[in-house]
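Across the two complexes that follow, chain A remains constant while its partner is chain B and subsequently chain C.
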Partner chain A sequence: MESLKLDKDKLKDFIAALDSKKVYAPQKVGETIKFAPVNGDLEVSLDFANTTVPPKEIVFPQTETMFLFEQGGTDINLTKGGAEKVLLGVRPCDARAMSVVDNLFSWDIDDPYYLDKRKKITLVGLACLEPPLNCFCPSVGGGPASTEGLDILMTDLGDAYLFQPLTPKGEQLCQLSSELLQPAGAEDNARAEELHREAEKKITREVDIKGLAEGLPSLWKSEIWKEVAEPCLGCGICTYLCPTCHCFDIQDEMEGLDGRRCRMWDSCLFKEYTLHASGHNPRPSRRERQRNRINHKFSYFVDKFGVTACVGCGRCINLCPVNIDIVDILSKVKEAL
Partner chain B sequence: MVDLENLRTIAKETISREDVKYFIGWREGTYGFSVSPHFVREPAEADKLIFSPLCSNNLATYLTLAEKLPVPRGQEPDTRKVALMVKGCDSRAVVQLLVERGIEREQVVVIGCPCQGVIDTKKVEQLLGQPENVVRARWEKGKIICQLPDGEKEFIKEEVLAQKCLKCRYPNPVIYDILFGEKVEPWCQEEDFQEVKEIEGLTLQERWDYWQEKFSSCIRCYSCRNVCPLCYCEDCILDRLNPTWINRSVNISENTAFQLSRAFHLAGRCIECGECERVCPVNIPLMKLNKKLSKAVKEMFDFEPGLDPEAKPLQASYRPDDKEDFIL
Partner chain C sequence: MNEKVNPYKPYMATVQEAWYETTGDRCIKTLKVLFDDEEVRENWSHLPGQCTMIGVLGVGESMISISCSPTEGKFLRFSVMRMGKVTQAIHQLEPGDKLTVRGPYGNNFPVEEWKGKRIVTIGGGIGQAPLRPIIEYVKANRSDYEGLTVIYGARTSADLCFKNELKDLRNCDGVSCHLSIDIEEEGWPHYVGFVPSLLMEVNPSPENTIAVTCGPPIMIKFVLQNLKKLNFADEQIYTTLENRMKCGIGKCGRCNVGNLYVCKDGPVFSYATLKNVPEAFA
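== the complex of A and B ==
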């Protein structure tokens, strides 16, 4: 598929041309950077690196009503599917994360809530030319210009964005605003490739994950987990803000006689996550919970789906209040193997 | 100048005591301005201890966060003491825990560390970005010096210190067994509650809008609750399912219920270490809520928590002349 070019000052017009679809882009909402709907008059800035809240919340909202019911009634009122959405400025790691999570929600029984939203989004990625400090995407199979999961990859060429459509969906999107997009020249493509290579060189944090999937279970009783868990507060930052963490809980919530069945994010670092009705907890302390977090990402998920459930976005490192650093943990694990 | 040799000697001596389980301090983190709580059990581990303007974590939280797992049959519970380093604000948490009998005095060895204020990493990262290498920092003549890869950089306190430190009245530990370093002269005499007054000056609707915007960002990760040294109920209302006091749904109504419950439960108890606000990943100004309650408690009962280990908890003390003008 041919590459195209969009002048930076036409970004607003490009968004306007997609009017049939709702466009989401990284924005400062309150004090948080997250993907939010673009309003007509809003200046869109794609200068944010990783958003604090990953775009997974667009396809897997923190709280989602599955259906409504009435106490004593016999009918349920299913939640209707959403609208087509375009996510603009998605970082390659977050797009890869969606491909990772797709495995789970289309395994066994297809999950209609997730898949409906997933099918209706178009992911317009933006290559990370200035990767933040704690990024380590190349170590887990990605890269600052990885195209996996994306429909279009954009690269900032200075005064214009290079558009590389990657899927038929991406091509269709480009056609919606064909008068704004110019064909890109060979030199633009070469420049983008050079920028991608330079960006990858800027990533300094790395870890070798070879052998982790097979090796991790052998460290079941290792002291590493105690060391990792000792400062852990047991909060949900690292899991909630992880683009691949996908655990959820389902609860019925009542207001008077009106009920709703909701699904909401859950975290394996919460003590009640594995708490049995009997009061027994098979993961009684943060040591077992942290062990699970690492094993799930680097061993169980790999066993089941053949992919690592970590895309190296660095959020869990950046946001942990006590500096529990997944790259550091994995390095220690590698040493112990 | 912080005498790290002395600190490490204190730690080694402390852990060699038969009645001490472990020693909690701080060590350098893995990148940039990061610092991590550090648990010392072996002498070699003591050599990683640091004390610098980057040591924000209130370690008193680990007194109640430590998990009490069932003791296997035939074994005795480990009742040895926990030694921990505390700054002025952190020491108030220890006092408040003693007042509430969350801990007993003989369970802790308190290493008091007079403090000249800690860096707000969000502020300093805005000025300098995120340096790749681990940054060291120190206090020097009322200034903060950061050691960066391209040399040292000097900051005045106002530029980089956490807000709570700029108005700190208790830089010296209010309780300790061992004092590490020399006491410092407090730089702020009176609490003016300026940031609370600013919000009080708004109309009801403006205040509501302000907090609704803040609370709508909340992702309910509960880091503010978990990091708080005084949020230590074994059975927290947030975790209860039967009855469900606060729904798991993340929406403005439940988030508001959560945040207000959290704040109210700290009335007359918050010692203003600012940890809740520091750890919040979505930057909710939680200390403004806590300070509002501190102000009310100060005005109504002339009480400040975490100063006197012999005091009664505010909510367990009644005086016939207590103000009652809040009763409608």
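== the complex of A and C ==
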């Protein structure tokens, strides 16, 4: 399908035309920017660097109920599937992250909670024309206008958005509001490409990850892990807000006689994550836990699924309270190899 | 969501029999359970070494090895050490009580591949639970195996599981059983010392033999060293790993040792695989 163009002042009408689906867009909720349902007034501002919370929480909520039961009962009532959703303004790194995580939730045995939500979302991306400070997506195979995982890529042309439908799902969405979208001209496409190239040039942080997947295990006893772990507080924010981190805990909660089994984000940086009931912990200190975090993203995940479990969004760098910097860690690892 | 394909939805089962194997702080209780749904019971199949998530609704689930062989019947058996919140709740279950079961998970001891060989099991404490299905499987298919040597030890005689069954083993043709306790006890007629030393005492030949060991990490470490001294090749040595688990299906992340998931790639590993995994014996 050819590229299309939407006048910026028609964005509201475009959202209204998707009325059969719930539209989520980046919004300020308290101190954080996250994907939230667009309100009745349909006001959406796509003027943001990136969301604090990645859109992974739409398909993999921080806490979700798996099923309900009653104390002493034998009936297990599974949570019903959700509604169709459109995510508007997803950054290309976060869309790539969903493709990465899809591997995990669909290998061997399908995870019905994740996949039900995942199949029901349409991802409308927004190219990053002003990449934030700690972005390094090109180093891990992405780019500010990467289309991987997206159904539509939007580019801000100033007074209009260029729409590039990428999948049948994306084309369908464009058809819902066909009267609002004008065919884009060759000059629009050329302008977008130019903006994409300029954006990539603005990314200053980089690291060469070639050879890490094979090499990392050889640094098992390296001092690097001690150095990384020394300032680490084990707060887990780098994993909670990582768009590819997918580890979870399962817990039962009771309220009176009503019970629910739920799952919630967990983090390999928490002591309890691997703690055996006996008191034995195979990863007893933050050294082992940070080593696992890096090995999992850049070696184990690559071994298993052929892709790196990092998309270079920079959140873990921006949000770490003690300035632990994954690009620095990877550079040190690379040097040590 | 399709109920049939939700891997997190457990089956309901009922405790048929329950008894204590050992007493004390970390006592071990065995439960014999039957699935409530006849279709589930009929369609269920497992092999020695596999595990299940068993649990109590409202408390949670734990990954526990199935301690019976499929050759024993349509029931499942679990021998559970009381350790944390979930195993505490499991210990409170009596005949007629409900528990949840999902699985079976993980790989299995390659008992079919091992046909024609002698099997040596080397267990310590609760580590005998995952070894028990091998013993029962070999007993049920006795003519398919050259023989069976059971080596098993615990801290004291009161800490030994499956005592009566072990006594009966001595009457089985081609089966030998060697027991040990760590500290001298009055009236104890068998070996006194640690399991790795008992292994050297029994001195099994590696010829056409498979050695399988389960127990505390420190015991496994020395058993592996001693098996090497006895000239067992890496490929002839098997063990199981355990780690904290939540999903059982390779999603929740926590059970990995290096690039292997214990819940999917294990719990059974040959030493040939594990010796290259740096985290395996952490």
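Rule of thumb we're sticking to: the second predicted complex is superposed on the first by the 336 of 337 C-alpha atoms of A that agree within 3 Å, B and C clash if a C-alpha of one lies under 4 Å from a C-alpha of the other, contacts with A are read in each partner's own complex, and residues count from 1 in each chain.
Going forward, a residue touches a chain if its C-beta (ideal position, glycine included) is under 8 Å from a C-beta of that chain, and two chains touch if they have at least 3 such contacts.
Fair warning: this is a prediction, and the values are worked out from it, not measured in the lab.
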- Task: Report clash or fit for the pair chain B and chain C bound to chain A in the combined superposed model.
- Result: fit
- Query: Thinking of the overlay built on chain A, is A:Asp328 touched by chain B (first), by chain C (second), by both, or by neither?
  - Reply: first
- Query: Is A:Asp249 touching the first partner chain B, the second partner chain C, both, or neither of them?
  - Reply: both
- Message: Is A:Ser299 touching anything from chain B or chain C once the two structures are fitted on A? First, second, both or neither.
- Response: second
- Message: Quick check on the superposed pair: does A:Thr74 touch chain B, chain C, both, or neither? Answer first, second, both or neither.
- Response: second
- Touching partner for A:Pro112 - first (chain B), second (chain C), both, neither: second
- Item | chain B versus chain C as contact partner of A:Glu288, first or second or both or neither | second
- Three-chain overlay, vertex chain A: chain B-chain C angle, C-alpha, nearest 10 degrees: 90
- Message: One more residue to check, A:Glu223. First (chain B), second (chain C), both or neither?
- Response: neither
- Query: After lining up the shared chain so the two structures overlap, which partner does A:Glu84 touch, if you call chain B first and chain C second: first, second, both or neither?
  - Reply: neither
- Item | Shortest CA-CA distance between chain B and chain C [superposed frame, angstrom] | 6
- Task: Identify the overlap between the chain B-contacting and the chain C-contacting residues of chain A.
- Result: 249, 251
- Message: Can you tell me which positions in chain B touch chain A when the two form their complex?
- Response: 29-32, 34-39, 57, 61-62, 65, 67, 69, 130-132, 213-214, 216-217, 219-223, 225-227, 239, 241, 244, 247-251, 275, 278-279, 281-284
- Residue set of chain A touching chain B in the complex reads 29-32, 52-53, 62-63, 132-134, 204-205, 230-231, 233-237, 240-241, 249, 251, 253, 262, 264-265, 267, 270-272, 284-286, 317, 319, 321-325, 327-328
- Please give the residue numbers of chain C that touch chain A in the complex, ascending. 1-3, 5-10, 12, 36, 57-62, 83-87, 98, 217, 242-244, 246-247, 249-254, 256-259, 264, 278-279, 282
- Message: Going by the contact rule set out above, which residues of chain A touch chain C in the complex?
- Response: 66-67, 69, 71, 73-74, 76, 78-81, 104-105, 107-113, 116, 217, 220, 246-252, 254, 259, 261, 263, 266, 268, 273-278, 280, 282-283, 288, 292, 295-296, 299-300, 303-304
